[in-house]
Amino acid sequence: ATFGEYGGQYVPEALMPAVQELEDAYERYVLENEDGFMDEFRERMRDFGGRPTPLQRAERLSERYDREIYLKREDLVHGGAHKLNNALGQVLLAKYMGKERIIAETGAGQHGTATAMAAAHLDMPCEIYMGRTDINRQRPNVYRMRMNGTEVNPVTAGSGTLKEAINETMRDWATTVETTHYVIGSVVGPHPFPKLVRDFQAVIGQEAREQIRERAGRLPDSVVACAGGGSNTMGTFHAFVPDDEVDLYAVEAGGSSLEIDEENALAPNSATLSTGTDGVLHGAMTKLLQSEDGQIMESHSVSAGLDYAGVGPELSHLVDIGRVTPASVDDEAALNGFHRLSNLEGIIPALESSHALGYLEEQHEELGDLVVVNVSGRGDKDLETVLEETENRDLEAAPDVEVFGQ
Amino acid sequence: ATFGEYGGQYVPEALMPAVQELEDAYERYVLENEDGFMDEFRERMRDFGGRPTPLQRAERLSERYDREIYLKREDLVHGGAHKLNNALGQVLLAKYMGKERIIAETGAGQHGTATAMAAAHLDMPCEIYMGRTDINRQRPNVYRMRMNGTEVNPVTAGSGTLKEAINETMRDWATTVETTHYVIGSVVGPHPFPKLVRDFQAVIGQEAREQIRERAGRLPDSVVACAGGGSNTMGTFHAFVPDDEVDLYAVEAGGSSLEIDEENALAPNSATLSTGTDGVLHGAMTKLLQSEDGQIMESHSVSAGLDYAGVGPELSHLVDIGRVTPASVDDEAALNGFHRLSNLEGIIPALESSHALGYLEEQHEELGDLVVVNVSGRGDKDLETVLEETENRDLEAAPDVEVFGQ
Amino acid sequence: MSDIEAAIREHHPALITYLTAGDPSLEDTKAYVEALDRGGADLIELGLPFSEPIAEGPTIQAAINRALDAGTTPAGFFELVDDLETEAPLLVMTYYNMILQYGDEPDVRPFVERAAEAGLSGIIVPDLPAEESDPLRAACDDHGLDLVFIVAPTTEGERLERIMSQASGFVYVQARLGTTGARADVSNATHDSLTRLEEYDVSEPCSDGVPKAVGFGVSEGDHAAEIIEAGADGVIVGSALIDIVAESDDPVADLEAKAEELKRGAIRGADGGTDADPIDAPEPEQP
Amino acid sequence: MSDIEAAIREHHPALITYLTAGDPSLEDTKAYVEALDRGGADLIELGLPFSEPIAEGPTIQAAINRALDAGTTPAGFFELVDDLETEAPLLVMTYYNMILQYGDEPDVRPFVERAAEAGLSGIIVPDLPAEESDPLRAACDDHGLDLVFIVAPTTEGERLERIMSQASGFVYVQARLGTTGARADVSNATHDSLTRLEEYDVSEPCSDGVPKAVGFGVSEGDHAAEIIEAGADGVIVGSALIDIVAESDDPVADLEAKAEELKRGAIRGADGGTDADPIDAPEPEQP
């Protein structure tokens, strides 16, 4: 397998040639910079994507936690999250490979909107599969994709969310594989996707590592990132993996509880690294939320972007060998993290990123004197969810939002 | 007056000492960098605000118009628009001045959210005045401000929009002037506000000028920016004003028509530079949309951020002396500009910025071989408006957004 | 000596009243002004409504909106003034843009000329500080009108001296920061006024050469008494009168009675006779 | 020679049928399987439902959902197989994770052991390409089960040769790209199948050593005839049978009749007798 016992290429035979073709393209264009692919990628991420993003010292968080807290500002990437790093890389790669069409899945719509932006930018026809339930929950993101000229295909199977959208995209790909590239949205899927996506996202950690050395004169004691599928996680960690003195924390969605409801195949969390077991899903051996029989669970998180029953195989491996520490915080801690950063620092973070901030609140004493936290995206997309979820709870960090009274 | 016959300090006597105190602070901190103010401002705009923003060659627009089109990407600034350049500058200045409280007005909420972010970042109490009508139209922005810990005060007077919000903020300031700084949202108001705001925004043009010389090897033939109050306009133009060979186009909101309805004091546009007459509003002599008697008109634009009956006095002056060419495009051209950039370049622009893009479509043949267009903000905030407005029109550039059919 | 200064000196202590012209109609305003004149107002300010009244509180904003909704124009305003025959001199209070726009080109002179022709004695412009006032002052001088300046709580030192030296007619002493109109408690405003007067030598009437009238929040005879006793040469009342215009069943009678009450209070203050209803401390704030 | 290969050679041309176990219940599946066996199915694939059936089209997805909703588990599945006594050998078709998770640790061997014990003759795993199949193939070899490989339209050159050389039981020739299930027109699938067969030397039955059965979109006897005539050793039919399970008032009778129709078609194809109902060209696409 690709990463210790994890990874691999568990896909239908029809996709194997495409996966192998991609492997070849990955080696040539990404690893060897053939035809200047990586140069063009970096240039476009600068001019179109807004890289590099800042590493900002968080003054009030530093004061609150009595240690130096730095934020990696992926919320400032075009589109509002780190997602474009990968989407642009893959759409550009598809172009180098001579593909004529892009497909992708999306859950909450972040990867879909990033892919739609990249496809518009590079003039590639694009179709996104999205669960009907998610479409109804995330209309603004559907509109954004449509504005970018992307088709949005509703998926009605199952619960109509991310897992079903991935299944359906794989089915499309199995039909159109000769002309179409499937832009997977995270460090998941069959090899070489986990490496490919990681390498496109690795710019996060590469920049942050250089920036923190410049700002603080040394490497951080710890790096904290949220983990769903794990693309911002691996992107942030990759450059630090060889630095043994830097602790890496992958903070998953603890949802409402870490217990699982085996009978109804429901996990009220998405804490795959913390609680999952080994299995094969969507092309790779990795840790999964699954029943004893091997059926995949419906996961849950207040943050749609973390709500996935699998996780990148490389993260599973890094956890197994002890290099990455898995952690989780629950929905409430994430919501408090959201409000705290908004209120104290003037940055409204994505609910995904808010998990990393929730962990910072709960466990900062373990994190050493110099901490880098990845703010993977901005939270404008989450306002409605946060308002709803805040209304039902007594959150210490939440403001009163009532100004519409009269 | 401050700029030719325009500008001045037409404010109630109670505010004069504050305005003069600000003049002094402007000279010391901004012009002379006392206590390293400008250094700190620039550093914070880098780390917190995400500057510099890219200057991006727009490949498909360049092809479409058969000339080199570059986009200045202010949509990538933290908060989603150039507004933070000014808000952060003023809140920081207030801090240097020893003020204890920030107030500001907002129309659609862009300046309010930028000010709220800056105030949270710098730990300053903040209150924003916002018309009741605008509050109801722009709830997400109200929530964003609340999330940042800012109070939002509804203004019920008049039509409950921007003009009334400015009036009310001035009234608050007249009451609390000794401890409070009023963060005006554009290059309007009494001296020194138009210069102060311009200088904070001038980074747009300074960066763009350097970037275009690096990328194209020369200065552009023309620079195009939308103009409401004019802060992104002056911010973009300022560095180019001495470059006589560079034509400067200020594109105003033509609304539904350039005619005015004198009887009902309504202007179905916000084309102040193009059609306005000289007068005094909100502290300065400038061009205004006003009746023959001198009553200020209700202006209109599909873009809330351009919907203002006045304009910065310096722009009035630059138009009068022929240095800036005033122009306008109507709502429909702006909507098409919105869709075109979204579809062709993968950038969803603010409806404000879409006016500049609409002008590019209509008049590109006048703009020379090398054109810089300022994309002053991103359009996520405008999605609902665009959907509504698109539904009622037959727009050539609009996609079909219907995916919710079944 | 101007009409205005003469009126204040002659009728010392002076009652200065404000109404918005055209609220609810110009005909009504005529009757109201005459009522105030009868009731003892020594100077009458007439507001020419402007759409952006940034110096006004809610009461006068509402009056201005009613006047604009009723179609009040500068032309109509001047016709009203043409028709008015009051003992008290009249002033116009309006925003600078209204003055600028009168006539064909942005220019202050046509307005001042027409104001003089209509018999107005002075002009007050809440958004025109001394620094920007040269053109208007020149025009006023040409036509024998007073340009009345406002002195705010923040006006100090050199600026205060300069304004006092330029003042004509009277100086409008703004009792406190903020906008026009009665706040939750009017006696706070009174106390603020008294504090403001300490800045001037007010041991004698009109002691600094030009009369000083105190406004912003004065609404009752007793407040007038306190302020005058503290050395003011006049009190200015606006919002309290607007309330009558807006709410009374018989505004003409009530305005006349209110003017009488205020004038009596002012006179009582000049006689040192405020004992009857002393104001010792601010009342508790209303919620 | 394995049971599977023996069955194909003995009953050549072979009819291979697929049903999802537990749709709508395991008892029903038992009756349906027996009906297919009576109707002439030479091999029967039984689907063990997995929650993420990425290789299936809508028809089989729906069948899998019905089976999961009915509570179908691997344990129940094997009990069904324990009970079944059919002439046709049985295969299990399922996704790799189901195989891995059977037993206490992720390991393929407990599943294969239990499959052998239940009397299954082979395993088909749609998401397990040859490259990842070593552990499962070893376990199958240990227990005398065939691991059936799929050859897709994209499988070419060296990979095709390698898979053909590793194949046991039969090779599942995927007629066309995409997922299982009848599309708008079934005859296109037939034509795709014929094109696919051109890649092999099919002049004689089982001519490349291992039998070749064609699936994906076959639904009628006439298509079976065409495909067999073109050189296939068997046809695989699934979605057309699932439709009967889902829609028929008498699925047992209808499944038996459908199997008979398909088997007759296959035999007609082997006899070169497709003249009665020739398929010359793709039918026009249905909207």
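Labels for the chains are A, B, C and D, by order of writing; each one numbers its residues from 1.
Operating definition for what follows: a residue touches a chain if its C-beta (ideal position, glycine included) is under 8 Å from a C-beta of that chain, and two chains touch if they have at least 3 such contacts.
All values derive from a computational prediction rather than experimental measurement.
Listing every chain that touches subunit A and subunit C alike gives B.
The chain with its Cα centre farthest from the Cα centre of subunit D is C. With centres taken as mean Cα positions, subunit D sits 66 Å from subunit B. Taking each chain's centre as the mean of its C-alpha atoms, subunit A lies 34 Å from subunit B. Taking each chain's centre as the mean of its C-alpha atoms, subunit C lies 97 Å from subunit D. With centres set at the average Cα position, the gap from subunit A to subunit D is 38 Å.
Shown for subunit B are the residues in touch with two or more other chains, of which there are none.
Annotation for subunit D: no residues touch two or more other chains.
Viewed as a contact network, the protein chains form an open path, each link joining two chains that touch. Every pair of chains in contact is given here: A-B, A-D, B-C. Subunit A contributes residues 8-18, 157-158, 163, 167, 170-171, 174-178, 265, 277-283, 288, 290, 292-296 to its touches with subunit D in the complex.
The residues of subunit C lying in touch with subunit B in their complex are 50-58, 61, 65, 68, 73-74, 95-98, 100-102, 106, 126-132, 149-156, 159, 163, 174, 177-179. Taken together, the subunit B residues at the contact with subunit A in this complex read 46-48, 50, 53-57, 59-60, 73, 75-76, 78, 80, 116-123, 135-136, 139-140, 142-144, 146-149, 152, 154, 338-339, 342-348, 380, 383, 386-387, 399-401, 403-404, 406.
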